[in-house]
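Note that subunit A is present in both complexes that follow, paired respectively with subunit B and with subunit C.
Take a look at the complex of A and B:
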């Protein structure tokens, strides 16, 4: 197992290398002169040349690439064009809110959606199942930002139970931290929850018609054990896959949700950097997001081997 | 209920409610099972024998089917009157079941040990550790070598025959009074079939479990059963002690089944040539329309107007031998 994990970990290196190459050339394949783009529309020729020299863009492209890779290998993602701060530090500052938001969304979505999906499959074509399916269709159809504004209006403006927007770091206490995360997590998680609930229901329905479920029932086992152990463990592989795919959705969703809720996370950093064409930051963020994706995929792949003993590694 | 009988099934009727109408899968079946006895139920696919078995345990799919009539008395209690929770306490404990497909009947993601031990814990309340000891004991009992290692293994690591042994180990782990075996050897190689049947009979002797052996295979019946119920189209058409059934099969359908079994012995040879196998002409009738007369009449060489109009009652022809046929006299003459 350890060997398998190591092997899979090594296999992620080529993927990350491709991403790194892509990220580097992103700046170069963008239409126009990158130095001119960075210097701005009204820049003088001298100003553009200054930017070019500062970024090392006047040197041969392979030399630039080698230098960039060398720095990357040392964990240096470059310096922001506008603030002159190291990209790693900028990303580090914005990491906590985004990680907190993503994890809390993941937690809320998975913790609610899987039981909902299991109950729907168990009560198939009955009232509970119909309600879940209505929720799933609506939840999937309603965009996250719309859900966010509706939630803010009800729970923050009208009922005043929760803050309208903003983010409080965990260092300021657990409750303020959690309080600020509830609405964004629910808003961000609705689509995701609908997706997981649906796949859980479908996967469970298929498993519940299997012979081994009849065997489990012929042993007189409690319904809870039949559903949660015998059925859910068999239904888990597609569910985990969708949870993994959903993390990619979450990352793009975070950008919008952070903007709506005014949370100073990576999403906001991305929006700001793209608007200002701060390429080093954009490059750094793409690398970080890609690494997260690759890592999530790895974790999912490894989890298959734990869930299903027939999967060989 | 006589004290001798552990199970009494009376006029059991199970219907499936489908888009094509009501399917009378089991249509008024009665039989008794004595303590420690082996009763065979034989018939073609679709004759209702599996549904009968699942109905006893109330395991038929609730979305599509319902037990619409009759009673099942187990050890003096009417199973139909029990709550779902009381029924669950009987399943796997007092009445256990093994299924046709050992490949799909075991849970692929749980170890063999877990699948045996959970039954033991559920019904006896012993701690998990003790239940695993019991699981090892059961694997020894069903002659799976190296039980200590096997309880850690998953079903896909076992051969088909071993999986069926593991199923038997699960079923017998709480010493049930009744074991329902639904085509337990159909999916196995012939050599493995014989081993599994021998094992079941041996354990039955050792543990005193009564067995309902459901099969389409008269060979299995001859080898295991003491008494036989022949089913056709959801009804019982003949019942007899096994020797009587083979010595004098009386219902035309039973005779048809016997003729459809290949024989290798010298008696069967006529002028040095083996006779052709005789198949029963026609197919099992659709069960989604009421059948007026005898369900077998359309396929029967002896059928008369009366057979097609009026369902024959079950009539006793000798001790323990009963047949549902209007034309018994003619059939026996023809033999």
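Take a look at the complex of A and C:
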């Protein structure tokens, strides 16, 4: 087990190395003169040269790369072109809203989607199942911002139950904090829920056709007991996989959702950096998001061993 | 057995055209639904210049008009006709979706076959693909766009790069799975080599999963383009793409929700149509996958 975890841990290194090399060389192989593009349309010659020097583009490429890697290894993601603040500090300041949004979405999505999927599998080909499948198909088609605006229109503009946008840190009280997260979490979670519900249904259907389920049913166990204890437990591996894969969806979705709801998190930071062409911030965010994704995959791989003792490595 | 198949075949040939269509629709309701929806949207997109007024024409006297007989979908803050803009936006979305699917399909197919064939290159290419896949696609596209001047071609390239690894994975796994098959060995033993082997035995096998994957990439491409334009990092703002229309309506959402909801619904319908085709084709072409979903 320990050997397996170590091996998986080591396997993440080449992936992260590729990501690091990729974002580093992206700036260097970009067509045209990135320094001129970053400096803006009517930048003076000096301004362009200043950006070039700031990005280190005026030095030999291998020297740049070595220096960049050395700093990266020490947790230094560089300095913002416009604010001159370290990228790590900017990311740190914006971390709370994004973590709160992602976790609440994860919670809402898993808590709703798994029961929905279980019911669909139990009621297969009946009305409940049809409705779940329609939701699943629509969930994949509805873009995050449309879901967000429809929710805002109904619950904030028409009914006025929830705030239209904005974020209150948890320090300002639990209800304002939760109130501000409800609509963004549901909007961000729609596709994710569709994904989890669909896999839960499929995985449950497969398990429910097994002999031991028939045995459990025929010896008179309560339906709920069979569904939850016997079936769901054995259907868990694909569900957990998809919950993990879906984290990538959430990371991409955060950028949109935070923009719609005006939440000052990492997503807003990304968009602001892109609009100002502040490449060091974009680069740092890509590294952080990719690391989160790789880490989540690692956790999923390791969780298999706990969920299904038959899986041996 | 032979007699029976001949009978049905003969019967089928005699069926009138309408009845044959009816059978096809009954057998593949998902593909049919997707195809009809998509056909309607594509015709609207193609006919947009004849069906609508100029999508760029401003008329401040008509600003923020709600949907009416004169302005079917209402107008935006510059008095531009949302019906015209939405239909023209369909062109942008469909062009991006199809181009992204085609380009990433071709690049992915080539790389996938190379990886499946040459074990030495495989390791390196797949590590690079893993790395690209670790970056959330919208972020990767955003990063690429930060470094270049805005334009439709840049947006397409920026969406293609993160999608390519998905195709490579599918194609590679097909090539690997047929490598050791007896019919491949016997074809090689019979003297079929190189390009002929590729064209006759490898490509046909990759086709079904490739088409299915391409439909999903087409849908993803349209969603990402809209998201990028919505964020202000997509096609230039003067092009009426759905993402741009929505982005420009943001500040007026509370008083003029139609500027956002209508193009948004069109985007969802287009993605839905393409996804339905994809789901239907997957069930039809690849029964093994169908059972899993």
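Keep this in mind: the second predicted complex is superposed on the first by the 309 of 313 C-alpha atoms of A that agree within 3 Å, B and C clash if a C-alpha of one lies under 4 Å from a C-alpha of the other, contacts with A are read in each partner's own complex, and residues count from 1 in each chain.
Criterion: contacts are C-beta pairs under 8 Å (C-beta built on N, C-alpha and C of every residue); 3 or more make two chains touch, one makes a residue touch a chain.
These numbers were taken from a predicted model, which means no experiment stands behind them.
Peer 1: For the overlay on subunit A, clash or fit between subunit B and subunit C?
Peer 2: Here subunit B and subunit C can both sit on subunit A without a clash.
Peer 1: Could you read off the angle at the CA centre of subunit A, spanning the centres of subunit B and subunit C, to the nearest 10°?
Peer 2: Computed angle, apex subunit A: 80 degrees.
Peer 1: Once the structures are superposed on A, label A:300 by its partner contacts, choosing first (subunit B), second (subunit C), both or neither.
Peer 2: neither
Peer 1: Classify the contacts of A:14 with the two partner chains as first (subunit B alone), second (subunit C alone), both, or neither.
Peer 2: After superposing on A, A:14 lies in contact with subunit C but is clear of subunit B.
Peer 1: Of subunit B and subunit C, which one contacts the greater number of residues in subunit A?
Peer 2: Larger number of subunit A residues touched: C.
Peer 1: For A:212 in the superposed arrangement: first (subunit B), second (subunit C), both or neither?
Peer 2: first
Peer 1: Once both structures are aligned on chain A, how many angstrom separate the closest C-alpha atoms of subunit B and subunit C?
Peer 2: Minimum C-alpha separation, subunit B to subunit C: 16 Å.
Peer 1: Taking the two structures together, which residues of subunit A meet both subunit B and subunit C?
Peer 2: none
Peer 1: Sort out for me which residues of subunit C touch subunit A in the complex.
Peer 2: Counting only subunit C, the residues touching subunit A are 127-128, 130-132, 134-140, 142-149, 219, 223, 226-227, 230-233, 246, 253-254, 257, 260-261, 264-265, 267-269, 271-272, 275-276, 279, 292-293.
Peer 1: Touching residues of subunit B toward subunit A in the complex: what are they?
Peer 2: Going through subunit B, the ones touching subunit A are 57, 59, 63, 87-93, 96-97, 99, 101, 104-110, 118-119, 122-123, 154, 156, 167, 170.
Peer 1: Help me check something: in the complex, which residues belonging to subunit A touch subunit B?
Peer 2: My answer: residues 124-125, 210-212, 214-222, 225, 229-230, 233-234, 307-310.
Peer 1: Contact residues on subunit A for subunit C in the complex?
Peer 2: 14-19, 21-23, 26-27, 30-32, 34, 37-38, 137-138, 140-146, 149-150, 152-153, 157, 164, 198, 202, 248, 251-252, 255-256, 259, 270-271, 273-275, 277, 279, 282-283, 285-286, 289-290, 293-294
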